[in-house]
Amino acid sequence: MIEFIVFSLLNGLLYGMLLFMLSSGLTLIFSMMGVLNFAHASFYMLGAYFAYQISTWVGFWPALIIAPLLLFIIGAVVERFGLRTVHKYGHVAELLFTVGLAFLIEEAVILIWGRSAPDYRIPDLLDAPLFTLWATNFSMYRGFMLLVAVCMFAALYLVLTRTRIGLIIQAALTHPEGVSALGHNVPGVFMLVFGGGCAMAGLAGVIGGNYFITDPGMARMLGPIVFVVVVVGGMGSLTGAFVASLLLGAIQTFAIGLEYSLSDLFRLLGMSPGFQGGILKDLFRIQIAHTGPILPYLIMVLMLIFRPKGLMGTRET
Amino acid sequence: MKNKQLCVILAGIAMLLFAAGPVTAADTIKIAYIDPLTGPFGNVGDAGQKHFQYMADLINGNGGVLGGKKFEIVPFDNKISAKESLVQLKNAIDQGIRFVTQGNGSSVAGALIEAVNKHNKRNPKDPVLYFNYAAVTPAFTEEKCSFWHFRFDAHVAIKMDAISEHIKTRPEVKKVYLIHQDYIFGHSCSATIQDMLKAKRPDIEIVGDTFHPLGKVKDFSPYISKIQASGAQVVVTGNWGQDMQLLVKAAKEAGLTAEFYTFYGGGLGSPSGVGAAGENRVKQVTEWHNNLWNEQNKPADKDFYLGFQKQYAVGNNERLEFYYGRIRTMMEMVAKAFDKAGNANPKDVAYALEGMEHDTYYGKVIMRADDHQLYQPMFISTMVKAGSDKVPFDVEKTGLGWRTDMKVDTETTMRPTVCEMKRP
Amino acid sequence: MTQVVLELIDIHKSFGSSKIINGVDLAIQDGERHAIIGPNGAGKSTLFNLISGLYEVSKGNIKLRGHSITNLAPHQINRLGLSRSFQVTNIFPKMSVFENIRCALLWPLKYKYSFWHHCSYRQELNQKADELLEKINMADRRDIAAGELAYAEQRALEIGVTIAGGAEVILLDEPTAGMSHSETDRAVELIRSVTEDKTLVVVEHDMGVVFNLADRISVLVYGEIIATDTPDNIRCNADVQEAYLGEEVASC
Amino acid sequence: MSNIPKKHVTNKWWAALAVWGSAILFLALLPIPFRSGFMLSMLSEIGIMIIFALSYNMLLGQGGLLSFGHAVYFGLGGFITMHALNFVNDGVLPLPLEALPLVGGLGGLFFGIVFGYVSTRRAGTPFALISLGIGELIASSSLMLPSFFGGEEGISGDRMAEITLTPFGFGQQIEVYYLIAFWVLVSTGLMYLLTQTPLGRMANAVRDNPERTPFVGYNTHIVRTIQFSLAAFFAGIAGGLFAINYEIVTAEVVGAIPSANVLMMTYIGGTGFFFGPILGAILITLMELMLSNITHAWVLYYGLMFIAMILWAPGGLASLIMMHKPLWQGRVIGGVLKAYAIMAAPVVILFLGCMILIEINYHLSLSIKPEDPMHIFGIEFYAQSIWPWLVSIVLSIGGLIFFLKSRKIVSRAWKTAGNQLKQKDSGS
């Protein structure tokens, strides 16, 4: 049991940190600009592909730096020439623009790198176990991923609290309409934040692409899970996004261990459910363990219905 | 004046756009290939098309069928959607095509079987014949069996039977873990292997029987922890695509030593997705793999294999390899059936295919008339370091290749069927 | 005067730790024209938002004709016969002027959520809407999208939408804000004519309008009402002068 | 009283009759030129998509609700219809086939009420995200609940049912086409009438200004819920027709792809006008079914078109057409049309250039064998040689330059037309 808990915690932590790397940028963009960026996962995918391409030329370590930088530039360009153009048509148009963008990025990736997964590998240096607990390895690469995530979080924290631009961003997070009154170059800040958010997603792609699988479907497969983090964490709150990421990581990993279904519940309550037949009989068969990966969506829906502020949000989405 | 000229040009362009279909010769037998050519599964469908094209070229090069008629593979993109497949089937029928093949997705295959049955019932004089090369739901040759459907891939129960045969020969295996995708395919895999193991190895304990949502899991580590904790020596999974690749990768990360018996360990794109993690860990059950020629000493098959690779050499990133041994079997048998029938009438071709026996490099195969299921030798193989004398070829440039553990003969794979074939 | 129509009893409202309204008591008589004045940030609009149900009251009670309407939803309060306008023009910009008015008539004419009546074929509905357009002098702008109207026209439409439903109690939030002199005069005339036989509560900055229109005036300062009285008495009230009016109108 | 203009009583019944009459005639005669099985299938699919897109526009265009999960109601309607069809064939349910889409509609309505009530408290992003979440939940559970959704293979049935109201046996596609055409007319008519009802008007009001609506007596949540449920009803009808047309419903119909597709269809067609989604449904279905047979790059063209619409024509095709209405009515459209004709040449050249470029790239990276020659408009050439690249780049750049120039001509023509219009107005 302890074994299960410890590993669930470790797995949950790692998954949560990855989620946070992805969603922190999205939270920033969404809170400040009100744009629900559907192409965010596509930037994650681009990060992985860029890293793969760069690592075939100059190796993994430079890719770790160069790929996010490239994504920063791409993100800034997208904001400047795409989003800003459609901004005047309202949030729906902005959102749909990002939907279309996600579409195009996927096609472009297919066109450039083909439809099969490229062989993007973990660097040999990190391809070894870090420590072993109860005969299960915790690999160095996973340790490295944790390290990168923590470093990124620390850097983000420092930028937001110690720099002038960070303070403006913080102010804009909670009061987006007020900042323009301060006379700051708001479009410039938006461009910066959008680029920064994309760079963070790209970094997640660099370290996640080889740990998982890099292929044209990876953005689509990641799906709307990042939105779940933003919603559950709450608008305008990076801490909320952090907590939500870890929470979702933990929920998903722990749910897998719970092999209970509705019919078990009825049995426990001493009821013999006679209505288990018919069209809904499968409902009673499904165990919590099977539902792990879809629980986040349930949480998101319930959160939006009952607590639209999210866990730590400063205002409603 | 200027406008008029422009109109003429525009009209010309529009006409060209619609007229630019494939130029067809009169003496061809067209086979509609309905599979995904765009979208997430586009690469799989694309590879399959190349297999068919390669086979058609070979057969055509040897004089074709029916005294000189050539095969023509006409691709139709179904985007792996059942709905689009049905529209494309109509499209194919409109173009006068009466032979259809498809493989990806049981949803599509089920829809096509239904649609072909209905079409043939409503147009008894103008039937359509459907060759299934990869959809493995047993029902297609059991309860839902149809005279107009022939399956050239081994279905779930046959594959699981082969796996259980291999486990039977390994007395050291005591604990088996099952993990499957949570949908009908996964459930039927799980139920089948449990029954078989119970019958063949009652001493084996099933230490886990887990289902996870299809294509939704990104990090399989929690599942691996569970497998690790159960002490399983062997994992059996019907997972395909990313669900299989991520599972194996996570197992390697965690240092799990259990072996994985898979259906699709060698599936297109899987070896490169799994990468080094698959070494000595992944087993597959297939009718063919690219080192069989060496093990069975059939060098002619090597030339056939390399010929495909040469014809479809892609850029530096990728290498497309021959994978579907059964497509070869299928095309050879179909060609034989045409000659046997003596005409290109789908009904006669179907009758000719029924009960047909055929010699492949690796043994006799038979298209059983009772259920239209092809029975063929099955091979259990393991992913190991390639480049040696025993394992000459790797797959998808991973440096890893397949080494046969066991061959299951055609007779052993034969199973009773509940199919009640209705013939016209 | 006869009977109290709208009654506010010890209303409090705070946002977080900042208290905006601090125990307001107010009783509006039937048929009266009541103005609420006060410096910026005194909480005048907040008070309207509390009465009309946009905000929840932190503490206290609001009664409309003796029935408590405290913390009811805005549409419920509206259905009980209390209608309001907004400080910032708040109409349906993409719909035509006529349709703006018609929307305000649908509920009072008991169409509710009907999806089986064809609006164009409802004589009574359309006639009433057209009458109202005449009343607010906008019949010639009938089919123009509301968002394309001139500012003063939008304000007039705003009033039209507010009174269309025939509510007995009308709350107008700065109806003449941002208007020129002549426009203001016309607006006051309009307000006067459309609120005949109705109870009117108005928040207004323009003292001319206030003293011209109101029967009684309440002065709201820092979330408290420091005086309620007739215009003349307010003009001469020392507290009010000190807190708000200053010297400009101190001509008693 | 008498001086009130009575414009509101539309005496244009004959105009309505003409529109509907010609629509009926058009749909009835359409199969004459398009009689092949594929064409009929395509027309049927277009009909289904028209209903689906119009129902989606009840949310996006009329109610201001951006949904990412509208296919849930389409798909559930389809599944329910299919179950009903099987009940009919088993003799349990005595319903004629022609009425079965209604069952799907009622199913859609039921789920529309349930999910609509919980998700429409607020519009905007929260609503969009809830619809996305519900869509994900239903799509995931579709594979987990095989007894209702039929698992991967879905549920199939035979539409040649015992009971029918018409002499049709529905064995042939053309009979199904006429059934779909009938429901397209009925649904389109009903959805159009809905826009004229108090609910329809208030849905517009809630879309335009949800803050104000409560102050005219309406509960925005209820308005949205009803509007949503009715949209789900029509989506369910479309799903029911889908079930009858394809005789199979699989889990893919409740998935994210059809949800995204209907959104793009509706948006490209134009949300601001009632007929916009019809244009979108026709165009996108044609692209999906015909263009994908011509080029593998169709997804890219689709995506580019969507992005271009958002960037430069946010009102969609419908508004592009309707912006010419005043010019047409004022009979000053000639100059603008002439300018368009001048612009057409560079547009075609630019398009050709870009298209060749895209096709070469697709051929090189994704075709079965890049060394093989490729064909565009029957012209054979090799993608590896330099010439097609050169030609396409020259065409693109040249086209772009002349396009930018001709754009000035067009804007000048618009200005002239506008001035003419003003003169006419003041003249009369």
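For reference, chains read A, B, C and D in written order, and residue numbers begin at 1 within each chain.
Quick note on the criterion: a residue touches a chain if its C-beta (ideal position, glycine included) is under 8 Å from a C-beta of that chain, and two chains touch if they have at least 3 such contacts.
Values in this document were obtained by computation on a predicted structure and should not be read as measured data.
Trainee: If you take the chains that touch chain C and keep only those that also touch chain D, what is left?
Mentor: In this structure, no chain contacts chain D and also chain C.
Trainee: What chain lies farthest away from chain C once each centre is taken as the mean of the Cα atoms?
Mentor: In terms of C-alpha centroids, the chain at the greatest distance from chain C is B.
Trainee: Which one of the chains is closest to the middle, using the mean of its C-alpha atoms?
Mentor: D
Trainee: With chain centres defined as C-alpha means, what is the inter-centre distance between chain B and chain D in Å?
Mentor: 36
Trainee: Let me have the rounded angstrom distance from the C-alpha centre of chain B over to the C-alpha centre of chain C, please.
Mentor: Chain centres of chain B and chain C, defined by C-alpha means, are spaced 73 Å apart.
Trainee: Taking the mean of the C-alpha atoms as each chain's centre, how many Å separate chain A from chain D?
Mentor: Averaging C-alpha atoms per chain gives centres 32 Å apart.
Trainee: Please compute the C-alpha centroid of chain A, do the same for chain C, then give the distance between them in whole Å.
Mentor: Centre separation, chain A to chain C: 48 Å.
Trainee: Please list all residues of chain C that touch 2 or more other chains.
Mentor: Expected reply: no residues.
Trainee: Quick check: what residues of chain A touch more than one other chain, meaning two or more?
Mentor: Each of 110, 114-115, 223, 286, 290-291, 293-294 in chain A touches at least two other chains.
Trainee: Which residues belonging to chain B are in contact with no fewer than two other chains?
Mentor: 42, 46, 182, 213, 216, 314-315
Trainee: Quick one: do these chains touch in a line, a ring, a star, all-to-all (complete), or other?
Mentor: other
Trainee: Can you list every touching chain pair?
Mentor: A-B, A-D, B-D, C-D
Trainee: Touching chain D in the complex: which residues of chain A?
Mentor: 34, 36, 82, 85-86, 89, 91-93, 95-97, 99-101, 103-104, 107, 110-112, 114-115, 223-224, 227-228, 231, 278-283, 286, 290-291, 293-294, 297-298, 300-301, 304-305, 308, 316-317
Trainee: Using the touch definition from the top, list the residues of chain A that touch chain B in their complex.
Mentor: 3-4, 7-8, 11-12, 14-15, 110, 113-119, 121, 127, 129, 132, 134-139, 141-142, 211-213, 215-217, 220-223, 252-253, 256-257, 286-287, 289-294
Trainee: Mind listing the chain D positions that touch chain B in their complex?
Mentor: For this pair, the touching residues of chain D are 36-42, 45, 140, 143-144, 146, 151-154, 156, 158, 171-173, 242, 246-248, 250-253, 257, 288-289, 292-294, 296, 298-299, 341-342, 344-345, 348, 365-366, 368-370, 375-378.
Trainee: Which positions of chain D touch chain A when the two form their complex?
Mentor: For chain D paired with chain A, touching residues are 60, 66, 118-119, 121-122, 124-126, 128-130, 132-134, 136-137, 140-141, 144-148, 256, 260, 263-264, 267, 299-300, 302-304, 306-307, 310-311, 314, 361-362, 365-366.
Trainee: What residues of chain C sit close enough to touch chain D in their complex?
Mentor: Contacts found on chain C: 52-53, 73-75, 78-79, 83-84, 86, 90-95, 98-99, 102-104, 106-108, 111-121, 123, 126-127, 129-131, 134, 139, 142-143, 161-162, 164-165.
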